[in-house]
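One structure coming up, written as structure tokens, with questions to follow.
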Amino acid sequence: MHIRLINPNSTASMTTQALESALRVASAGTRVTAVNPVGTPVSIEGSTDEAMAVPAMLSEIRAGEAQGIDAYVIACFDDPGLHAAREVARVPVIGICQAAVQVAMTISRRFSVVTTLPRSVPIIEDMVQAYGAGHHCRTVRAINLPVLGLEEDPVTAERLLLDEIERAKIEDRAEAIVLGCAGMSSLCERLSEATGVPVIDGVTAALKIAEALVGAGYSTSKVNGYDYPREKGVFDGAVALPRVGAARAALAE
Amino acid sequence: MHIRLINPNSTASMTTQALESALRVASAGTRVTAVNPVGTPVSIEGSTDEAMAVPAMLSEIRAGEAQGIDAYVIACFDDPGLHAAREVARVPVIGICQAAVQVAMTISRRFSVVTTLPRSVPIIEDMVQAYGAGHHCRTVRAINLPVLGLEEDPVTAERLLLDEIERAKIEDRAEAIVLGCAGMSSLCERLSEATGVPVIDGVTAALKIAEALVGAGYSTSKVNGYDYPREKGVFDGAVALPRVGAARAALAE
Amino acid sequence: MHIRLINPNSTASMTTQALESALRVASAGTRVTAVNPVGTPVSIEGSTDEAMAVPAMLSEIRAGEAQGIDAYVIACFDDPGLHAAREVARVPVIGICQAAVQVAMTISRRFSVVTTLPRSVPIIEDMVQAYGAGHHCRTVRAINLPVLGLEEDPVTAERLLLDEIERAKIEDRAEAIVLGCAGMSSLCERLSEATGVPVIDGVTAALKIAEALVGAGYSTSKVNGYDYPREKGVFDGAVALPRVGAARAALAE
Amino acid sequence: MHIRLINPNSTASMTTQALESALRVASAGTRVTAVNPVGTPVSIEGSTDEAMAVPAMLSEIRAGEAQGIDAYVIACFDDPGLHAAREVARVPVIGICQAAVQVAMTISRRFSVVTTLPRSVPIIEDMVQAYGAGHHCRTVRAINLPVLGLEEDPVTAERLLLDEIERAKIEDRAEAIVLGCAGMSSLCERLSEATGVPVIDGVTAALKIAEALVGAGYSTSKVNGYDYPREKGVFDGAVALPRVGAARAALAE
Amino acid sequence: MHIRLINPNSTASMTTQALESALRVASAGTRVTAVNPVGTPVSIEGSTDEAMAVPAMLSEIRAGEAQGIDAYVIACFDDPGLHAAREVARVPVIGICQAAVQVAMTISRRFSVVTTLPRSVPIIEDMVQAYGAGHHCRTVRAINLPVLGLEEDPVTAERLLLDEIERAKIEDRAEAIVLGCAGMSSLCERLSEATGVPVIDGVTAALKIAEALVGAGYSTSKVNGYDYPREKGVFDGAVALPRVGAARAALAE
Amino acid sequence: MHIRLINPNSTASMTTQALESALRVASAGTRVTAVNPVGTPVSIEGSTDEAMAVPAMLSEIRAGEAQGIDAYVIACFDDPGLHAAREVARVPVIGICQAAVQVAMTISRRFSVVTTLPRSVPIIEDMVQAYGAGHHCRTVRAINLPVLGLEEDPVTAERLLLDEIERAKIEDRAEAIVLGCAGMSSLCERLSEATGVPVIDGVTAALKIAEALVGAGYSTSKVNGYDYPREKGVFDGAVALPRVGAARAALAE
């Protein structure tokens, strides 16, 4: 079984971290490869960053489909382009936010999410709601550190996360914590040990759920909602990205 | 890894069927064993049947905990006693309804459930709602055949299921079908092939998700909601069931 | 009219307290009797305790049906086995949580619940949601005292409850308080007087609603969801409890 | 105990019918009186009719408060002015829609409502949602007969209701039926017998719940939401109605 | 285009303030006139005040319909009688709460409301929920100042509002603020400048949305829910208000 | 005031149609210009099409910001990239689905949507839910005609739309219809006249709401959720699109 991790941003060190987290838990028979497009934002912090990352990410999935990949994990907590990816792929596509939330709902009755910047809070709240966990998620919290700050200052990041998890335990009575950024992946185990509450990393969760779905023989339904994109003039095989320099067609001035 | 399937009802042939479904997809390193208590109802068709099956099912989990079981699958679509089981177990406990619903939300945008008797419809609707899939589930449908009818008259069962799935495709625009009874497990693949829509069997889904959670190192949170039951006088080791013939204490007449 | 209070736990003093609360408000023509099974947990503090209490509680309802009881009140705030009880009974079955919530929604616009242990908070939140009061209930609060602590140290219990109700008034702007444990029943009037906010005891509420439903001639609908349990081999009349010592049927090793 | 039924419309025969329904189930010690304002619409069919009926209805409640009434039942299924009435009254105020819905949620898992005109359907849906029964109510149905048509052509009315209830049984799998108009009150018992499904009349339900709340000693919370209306210049005791002929103050042309 | 502002209460200075806010933003071709009935409460602080204001407000709308008004704005944040007004009018009727909430959902992801008295909080929460913004609205806050206090002590009012908006920014992470009372209209711009967060005044929002709907040619749907009130005996043209001194018809004593 | 319509797909005739609809209702002082990127899909039929259109659409908004545009209308019913666009723009950005839904909730109590292909149904349902209209929207219907079919075979399109609207009137009791595709814009008036029910075109609605927000002085909140995208290396002014040929960084094989 070959699972492909796609980090939609262009920071290779984050891709490496995600891959390491995945490899730590991958089953014996599972091959995991990780890619990231270049040209996408260096981190995903808001809806624009998501939007700018998705077309290249979909290209990666088209490439993967040609290579016979068995499942994809989108290694960004905003699950950017998740619905689109499922249209493009025949095999399962797992978003790390959805996977983490499903695990949290299985091993606890109430959980909280801890993410990086406050601007991601409403984005994550909307996803949690859409995934059906609005009643089970106490609070989406932010440590107010940019995504890349996790790598640049890991000591501060860990301290901020520990503090926020402690607050979630007391103020939210959180029974589990979901880490709201793929870049926190490597801290997961230490945070769990230090706080005594299960801490869920979405990359780990998604990799294992991807394995599970492949193992069970599930593929993405091609009936209606996730059917392949309809063939259009602009899709010409290898080049699925919007042409650079697309001229504006000013129709009325 | 040792996963224990518990069929809460007392019909051994259904336990066998569930075990076979699980073994069909279990990973190489996974040992699966299946048990059912005796003395519980022969099938679970309503809340009373559930209630009568749960204490013995919890005994099975206590037994499993002593044996070092790594995860449990409760092989009844009503997920009877799921919250209680998670209190008793340190390891993950997977309900087949919750697992199937999580898979359905991952491989499709809208799904329908097809169960046995109409009386189970509101029970399943309430679970689907509690698992956060109320918006994604179009309809919970019933073929009006008792659970044991699935085994007694498999030809009729299959025909009724095929008809109902076709209706779900047309009337609900269902993109995936969840089988609403563990006893339909063996028909899953044939139904999917015949109808062209992904059909999800909860036993299969739950077994793989159990493997995934164990593989990732997740265990049930013991913080608050799923903490172990508090020690009480009546729990005296081996005999956790209510004593038979419990005298009524008539306090006021 | 004969209303039967069933305290699902096995602590007779709690049964007595509930009966006293019921008798305080019962109408002239109403006969109230109270029972508790023996062999069930001494208190209900979590889903396992609930599960272990329900089969014996259902036996009590079967016994009551033979005696011509007119309605049942399940005197535990978790409403354990409420759906099952309604399947077994022809007459109305009232859960004290549902009754209290219905009263709270009738005499106030926003209320809070105060219960014993934090572990019961998500359980009660889920019930409040299922009863349709998720929007009207501000917070489910816990005083962090075990159920039996209410009887063992009533002075502390009352002080903790007073403090928590004051917090609910200020922080939640609660307009009414629902007591989240049958064991708080005797304190209800004093708490209401001391805090100046209506305090609702579920036993009181349920007894009166039971009288109301019987008086109006309502019985539990036997159409579909609450129909009688289907006859099964294992139900053999007097002994409806699971047989003790149920052998595990190990099917595959 | 003295319970006052207020029919907000001005059709005395409907008030009589409601009173008869109430007297049929009132307890021995309960005195029931019924009033209707004159000058209000002859029936309540839409939000304007409601609005035009409420001030006079509130006057009735002010009058009742002076007489020491113990509880009020607002005998119109739209529950017009329910929140306002609870501000004005110290004692419980019961709306027949809310009462019927609470009974339906207690004796069944799923119910449907059958009302008169289609225009009332969204109004009732919004109330059902606000009362927390959106998940339990299958459909709000209309027989397309005006309110007064119930009295003018009772034979047609009964036939239309029977047909619609049969449809609700089949299409909705309704386990109970709520009658969506006080004017259907007298048909309740016959409809239930003819269809074999519990049929709930709001007047009956509300009268009994009013008795229950009074019997338990509950009164409307005066903390915050249902506090008495603040004293204002325009409220001058006996005349609480808006002065007729209120001049428009045209401020800017 | 002629838009009519109706202030349902009888305080002319509030009507003037609302008119000034509307004129500040009205388009060149828009004529705005403002009226308030006399005889209605001097301010709307609770459901009773609303109820007492609505019949006279509906009279204003009937008058406006005869004058060919193009749209109405109901200039009270409780949107009293909004559904009724839409039945009576052929043209659009805009409630300032609904308009402000729609703007808030368009220019921000999360907002909070700041109103006058705590008793209005659940009323506004219920409206926000009914308008579909329950997920987007963080908190409904109150400065605990009566409506008329806004005019009597504008310095205190402004200070309290500033403080509460600052709290909303920190505690709620509010991205926009909705002013929960028409009487705060004149402070809107200063509050926005002082706090750096968009502050939305409902009168302003509603006036512009009214212009928009008229400009687009929309009128209130007369299909079903907002159809004209059915003709009834009591409606006799000029006098649509309930007759004063309506005799109670005591039917049974 | 200068409002820019952006048709995210690359079919110029659809852009022209949208512009004509906008100009039909634009106020005297409003200048409307319309653009569409080239290189994006020729129509938006699913999440992939959306994703492929958004980066170029955001480029258009960046261009518009430099030109001093006062508001944007995204003229595609899927509201693709709406959150991202609001991050990029300082001025209001209106999605035609959200605008149409807000109008529908203002002029009716219940509405239905009629779109092109069934695959768009769950997408639109999710948006309607996110915009808070899940309770008010009866059904999202599809005529099973591709977007471009609206232009290629307008006679068939109109007939299919008429039929579906008639079904919505009868089966859904829809009080208003929202057209679920910008390409239906030119048919709006004829459909409304032929069916007698208000038909809402999102382009028209959005243009007028854009005018309204600009006229009121509202701009997109830059506090938190819609703050400008954080500066990142990859954003280098004129070229905001992902570079074509982005090399895959294969990290582990």
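Every chain is named by a letter (A, B, C, D, E and F) in the order it is written, and numbering of its residues begins at 1.
To be clear about the criterion, a contact is a pair of C-beta atoms (placed from the backbone, for glycine too) under 8 Å apart; a residue touches a chain by one contact, two chains touch by 3 or more.
Computed from a prediction, not measured in an experiment: that's the story for all the values here.
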**OP:** Could you run down the chains that neighbour subunit D and subunit E together?
**Re:** C, F
Original post:
If you list every residue number at the subunit A and subunit F contact, are more than half found on both copies (same) or fewer than half (different)?
Top reply: same
Subject >> Taking each chain's C-alpha mean as its centre, the one farthest from subunit C >> reply: F
Original post:
Taking each chain's centre as the mean position of its Cα atoms, how many Å separate subunit A from subunit C?
Top reply: 43
Subject >> Where subunit A and subunit B are represented by their mean Cα positions, the distance between them in whole Å >> reply: 29
Original post:
Between subunit C and subunit F, what's the gap in Å when you average each chain's C-alpha atoms?
Top reply: 51
Original post:
Of all residues in subunit E, which are in touch with two or more distinct other chains?
Top reply: 83, 86, 109-110, 118, 121-122, 126, 134-135, 173, 175, 224-225
Original post:
Classify the inter-chain contact topology: is it line, ring, star, complete, or other?
Top reply: other
Original post:
Taking all chains into account, which pairs touch?
Top reply: A-B, A-C, A-E, A-F, B-C, B-D, B-F, C-D, C-E, D-E, D-F, E-F
Original post:
For the complex, which residues does subunit A have touching subunit C?
Top reply: 109-110, 135, 173
Subject >> Sites on subunit B touched by subunit D in the complex >> reply: 118, 121-122, 125-126, 129, 134
**OP:** Name, in rising order, each residue of subunit B that touches subunit C in their complex.
**Re:** 10, 12, 15-16, 19, 23, 32-43, 45-56, 58-60, 63, 81, 83-84, 86-88, 118-119, 121-123, 126, 130, 146, 224-225, 227, 229-230, 232-235, 239-244, 246-253
**OP:** Using the touch rule from the top, collect the residues of subunit D that touch subunit C in their complex.
**Re:** 25, 27-29, 83, 86, 92, 94, 98, 102-103, 105-110, 131-136, 169, 173-176, 196-198, 200, 204-205, 207-209, 211-213, 215-221, 223-226
